[in-house]
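Next come two complexes built around subunit A: one with subunit B, the other with subunit C.
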Partner chain A sequence: MQVFLQTLIGGVTFGAVYALVAMGFSIVYRTMGLVNFAHGSVVMIGAYAASTFYLATQLPFAVAIVVAIAVTGLIGLVIERFLRPLENKDFTLMLIGTIGFGAVLEAGAVLVWGATGHAVPSPVATGPIDVAGIRIPTYSLLVIAVAAAATGLLALFLQRTKLGAAMQAVAMDHQAATAVGIHVGRSNAMAFAIGAGLAALAGSLIGPMLYVNPTMGGTLGIKGFAAAMLGGFGSMPGAIVGGLAFGLLDSFAAGNFQEYSELVTFLVFALIVMIRPTGVFGEATVNRA
Partner chain B sequence: MKRLVLIAAAAVAAWLLPYGLGGYAIHVADVAIIFAILAIGLGLTMGVAGQINLAQVAFFGVGAYTVAILTTEAGLGFWTASVLALLTAVVFGVLTGIPALRMQSHYLGIVTLGLALAFTNWVTNAHIAGRAEGISDIPVPPMFGVDLSSGYLFYYVELIVFAVALAFALLVTRSPLGRRLRAMRDDDLAAGALGAEIPLLRMTAFVLSGLYGGLAGILYAGLIRFVAPESFNIANMFLLLAMVIIGGRSSILGCVVGAVALSLVREALLDASGYAQLGYGLVVVLVVVFAPQGLAGLPGQLQALRRRRGGGSRAQLGPFRPYEAVPRAEERVALEVRELTMRFKGLVALDEVSLTVPAGQIRGIVGPNGSGKTTLFNVVSGFYTPSRGSVALHGREVSGLAPYQLAQRRVARTFQNLRLFEDLSVRENLLLGLDRTRTWWIWRYPSLPWKVLGYERALRARAGELIDRFGLAEVADAEPRSLPYGIQRRIELARAMAMSPSLLLLDEPAAGLNGGEVRGLAEIVRSIRDAGVTVIIIEHNMGLVMSLCDQVTVLSSGRVIADGPPAEVAVHPDVVAAYLGDSMAAPTEESAEAAVEEANR
Partner chain C sequence: MHFTRFSIAAAALLALAACAPPGQTGGSESNTTGPIKIANVNAQSGQLSSLGQWEHKGVKLAVDEANKAGGVNGRQIQLDLFDSQGDPTIGTNVARKIAAEGYLAMLGTAESAVTLAMAPILKDAKIPNITSGQSPKLAELKSPFLFLNAPTSVTFDETLAKYLIDDKGMKKIALISNNGAYGAGEHDAFLASLKTRNVTPSADEIVTPDQKDFNSNLAKIREQSPEVLFIGAEEVQSGLIAKQARELGIKAVLAGGAPVGTDVYATTAGLDNAEGTVVSSPYLSNEASEPIKAFAAKYKAAYNEEARMHVAKAYDGASILIEALKQTQGEGGQKLADAIRGVKRAGLLGDYTYDANGVGIHETKIGLVKDGKVVPEAAS
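Right after this comes the complex of A and B.
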């Protein structure tokens, strides 16, 4: 039982990060129909930016995160501008284009930071809290709290502000949105920047939990993507549920199958997706004709 | 003739190449050939069949690792192990392809990528696969005393394998199978309606992928005689993808060129691999945005640019040559729909619809928008499985069959919004309709390739006839998207008739046609009926319906509200109410006829 609860806490912590990654995927996907395979690499850049700034300047971790968000937001805008000619057109091409961008970012990270990577000390100094024999790392609590706050803010933005409403409108029907005077290009750029910002947040948070290195983006991206799919692609609640579910799947696989956890995780994922391709909350069209 | 000379020249050059290369250069050439075979496999699945397969490198790994494990652990000979490795890779291909039956595009991409990661995870941790160190002492493949540990001699083995693999891939792409795969890539719904067995075709694509991956893996094991996890990781998958995209994913030769070019570039930039990676990424992005068809598509793009500057001539339809009338068979029922109900969640699109269409009739189906006409077609042609009720074709129950099964039972249809394969020429669109073989016919590809070529020639002859009959000679080799709307409608009709159907479903065939074209359409449909085909036509052009149809069924809100000869139906009070709203008083017979005439004009 104790082991179970301990694994659960680890799973929820990672799940919160996957949920952030998945939300980043989803907000871009629903707004502009673009599946951003470079998203994982943006997460990696975010992790590097935050940790480098944090280690170099000794400023609070929160400030480092804000800097990272600004950096990746900019990268997001560049990617969006480049791929704009392909939007709402050829799905496969767009997908490959973003894979290309992912490779560029990864190679760029190797050139800037070197291939080896670095460890990030935990920004929270206090020891784990002991609750009925289960040790809850304080940093886990922080991660969960920040992820929850970010989710709340995003929901508020999408539902309560004019800009957010415009983005929702573009997501539903970009032609109709144009007709009522919404600047679709600007809205898309905004979605991309927000998605990249979420990626940076996820990357900054996961930095102290993992080892920051140039190839971390590949695995994180695929896991966040898988999380988005489990929840239902393009759905925001789906991203959260899928993220947590995938975090749990991941940490229980790690607990029971040790080094084969990745094998088990992806086999189970493939099975789940085959049974229910649209995920929990569902996207109407999986087989895009 | 010119092509033969070119092929011979390429073969001779490839054969003589080792004489001009040093020891290391020949090794580079050997590796390039292996990547070329891999790229052909990826080109076939992704470029031709449109299946986003990011596990190609894993199939490559399965082939290489199987050889390594079987030779070192099980003590099998190299070639025995190779045969088993090829089988294993194909099995892996099939297993990886199973998700493709349920999902496509990015979903499939992420699942195959996940499975590829699972594979690398397994080989890095399994004792039998040598964990992170890999397996090193793979024996030299024996070959009648020829020493294949020499990169020079191994080059010839590879060259022969590559030539066969390339020839087979070209045979596949230029024959009925390749055409169906491309049709499936462009529009799997329309391909299904033409009789392509979509599930089987998707699996075929993955079998091909596994086959080429396995083949490359075996050669790799024989050449390097050492396997380790990093040779089959995601970075190499990206490299392979870059080769295929840069070369041109839908052209097999383009894939080969891309693979060879990038292998060489990679070798040249070995000292600056960080920048090289950056470069591949940028080139892929640029290619995707500016030259989506890769190197192979550049000549076509330039030509199109020049043509646009020159200004094209306007394509013209030729006259339709009517079918020979056959004496009408004794009256029997072609289609019987019984109490069909189709529900989408809460919405009832069809509510206990029953209708009987006798053979050799032209039946009109009319009704306001949203009355369930197209839903009825979708059920009859197998796109939807009805919630309740049944459909019988020539007295045989067919409800619940897939579109391709109905197409094989000679049901053809056209679509309201035109579903032509945009990237295939008009001729190829028709060839797809003419080709009535089943997918299992493909066993002939490896065993009797000349029969495949013979069959293809016969198909082309029949396509020529059809093009002639429908007056499409002038546009036969154009892409449908470049043609005016009216011509596209005619092409879709010709494609449906290519299936020599017994039941033809036309969904708003006159939409967007001008008066002359509508008259032409009526003439064609009559001729089709006279040739013994039963025709059901959904149409809003009441003039056409009234003059063409033998009987008209009116749907409103998913129910049949009237059924009978056109003149009777037009004055039926319920019909008038459905069209004009029930606040109107029912018109008299004369005013209805006037309305019909109005519509005719």
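Right after this comes the complex of A and C.
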């Protein structure tokens, strides 16, 4: 039982981060119908930006996260601006463009920070909480709380604000949205910026749990992408459920299947996607671009 | 007419020669003038790039010194760096490239998996390779062109088992290792050392090299309350395992090979979590002996950073190669491989005497991590 609960804690913590990554993938996809393959690299830039600022200035970690979100949000805007001429013209080129941006960001990180990477000390000094033998690291609680808060804020933004509603409208029918006077380009830019901001949040949070280096975005990107697929690509609740599900799947597979855990995780994932290609919350068809 | 036929035949021969796999042309080249081309292959990007960069600095220091002192029989050594990215596939491409471009010898890589992938190509091309890998599988290849600049995991782990079990009397031992080339080598070597002492591990968890969350594996280990947790993984992953083990309340003594003696391990784990980790390594600190102190000072002057084992063994490997090149007067191939095997050198990692399997160092020492640095066990 203890092993089960402890595995659960690890799965939920990593799942919360995967959910944030998946939400970033989804918000761009639902607005533009585009999979942003640079997303994993943006997560890495976010991790670097937050950890570098945190280590250099000794200001609170929350400030470092805000800085990282601002930096990557800007990167998101730049990527969107570069891709905008291709919008509604060449979808494949846009996809390749995002892959290219991913490579550029990784190479840029090597140039700026070097290839070696660095460890980030935990911003929470208090030790793990012990609940009947189950140890819950306080930092894990912080990660889960911040991820939940970010999800809540995003939901409020999308449902309660004019800008959010405009983005929803573009997601549903971009031609109709244009007809009623919504600036699709601006909406797309917003989606990219928010996606990048979410990536930065995920990167900042995972930094102290892992080791920040230029290639860390690879695995996180793939797992976040898989989580988004699992929940239903383009669906925000799907991203959350998918993220948590993938985190738990990964965690329990590690304990039970040892060296075959990755194989089992992705086999189960493939099976679920075969049975339900649209994921848990996905719509039957998405035809955009 | 005869001339035409001859031309066609010559062209056909040339075309055939051009079709030969790269690497089969390099071995026969015997340039006796100009610089001696040595390849340093190491990860310069990717998660293992910290190792690759240290290795390159160590190699470069030795080569620069040799060149300053007049090179090899008056010929300068040309050291070229290739990025393997820590990836075996890229490694094999690099192996073909260095074989085709007439490099006499190769130094690196720091990753056993990459070296294992490159070894057959280098063997065919008769290019001696002094690697920084330490998987027992490297020695098992028995390639006459492959040499290690450090002991294999067998030596690392035998010393560790001797210290933990024979000296300290600890018998409740749990293992966690990854199934990559290095981790698997560590796992098998340590398990073999336990078996000879009739000790059965209380837990034996295998993880994947990419795994980041060890809660499940460590929770199972915690149930056994082991006295020792042996970690068989690279620097970053060892650090993550140590951190999560301590967060889970595992109080066991942490132990491992060279990776747990690095600052990457200590900072990833957190200095408090890494404290007291038992390290088995042939190079414990920069103060271990007078030659090591002198080397560390030289390294600091050249690169303005502290020396470490990876730097030292790369320096040792390069020095051995240079010594062998002087003996062959700049000749490569089988002659160079034989010369390397014959080199007896009092190096920074110990006394090198190569056996038939290409292993030169046959013992390690025990150290403990204190404030993120390794101190020799006796002095702690």
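In the analysis below, the second predicted complex is superposed on the first by the 277 of 289 C-alpha atoms of A that agree within 3 Å, B and C clash if a C-alpha of one lies under 4 Å from a C-alpha of the other, contacts with A are read in each partner's own complex, and residues count from 1 in each chain.
FYI, a residue touches a chain if its C-beta (ideal position, glycine included) is under 8 Å from a C-beta of that chain, and two chains touch if they have at least 3 such contacts.
Values in this document were obtained by computation on a predicted structure and should not be read as measured data.
*Asks:* Have a look at subunit B and subunit C on subunit A after the superposition and call it: clash or fit.
*Replies:* clash
*Asks:* Once the shared chain is lined up, is A:Gly100 touching subunit B (first), subunit C (second), both, or neither of them?
*Replies:* After superposition on chain A, A:Gly100 lies in contact with subunit B alone.
*Asks:* So, A:Leu83: does it touch subunit B (first), subunit C (second), both, or neither?
*Replies:* first
*Asks:* Answer with first, second, both or neither: which of subunit B and subunit C does A:Phe157 touch in the superposed model?
*Replies:* neither
*Asks:* Touch test for A:Phe269: subunit B only (first), subunit C only (second), both, or neither?
*Replies:* Only subunit B; A:Phe269 stays clear of subunit C.
*Asks:* Contacts for A:Pro277 in the overlay, against subunit B (first) and subunit C (second): which applies, first, second, both or neither?
*Replies:* A:Pro277 contacts subunit B only, not subunit C.
*Asks:* I'd like to know which partner A:Phe225 touches here: subunit B for first, subunit C for second, both or neither.
*Replies:* Touch status of A:Phe225: first partner only.
*Asks:* Subunit C clashes with which stretch of subunit B: 75-83, 111-119, 129-137 or 291-299?
*Replies:* Looking at 75-83, 111-119, 129-137 or 291-299, the stretch of subunit B that collides with subunit C is 129-137.
*Asks:* Please identify the positions on subunit A that touch both subunit B and subunit C, taking each partner from its own complex.
*Replies:* Touching subunit B in the first complex and subunit C in the second, residues 110, 115, 219, 259, 261-262 of subunit A appear in both lists.
*Asks:* For the complex, give me every residue of subunit A touching subunit C.
*Replies:* These residues of subunit A touch subunit C: 2-3, 6-7, 9-11, 13-14, 110, 115-119, 121-122, 127-128, 130, 135, 137, 209-211, 213-216, 219, 247, 250-252, 254-256, 258-259, 261-262.
*Asks:* Quick check on the complex: what are the subunit C residues that touch subunit A?
*Replies:* Listed in rising order, the residues of subunit C that touch subunit A are 44-47, 49-50, 52-53, 178-179, 205-208, 210-220, 222-223, 236, 239-240, 244, 247-249, 264, 267-268, 270.
*Asks:* Touching residues of subunit A toward subunit B in the complex: what are they?
*Replies:* Residue positions touching the partner: 35, 37, 82-83, 85-86, 90-97, 99-108, 110-111, 115, 218-219, 222, 225-226, 229, 233, 259-263, 265-267, 269-270, 273-274, 277, 286-289.
*Asks:* Quick check: in the complex, which residue numbers of subunit B touch subunit A?
*Replies:* Residues in contact with subunit A: 46, 50, 52, 98-99, 102-107, 109-111, 113-115, 117-118, 121-122, 125, 187-189, 234, 238, 241-242, 245, 274-275, 277-278, 280-285, 288-289, 292.
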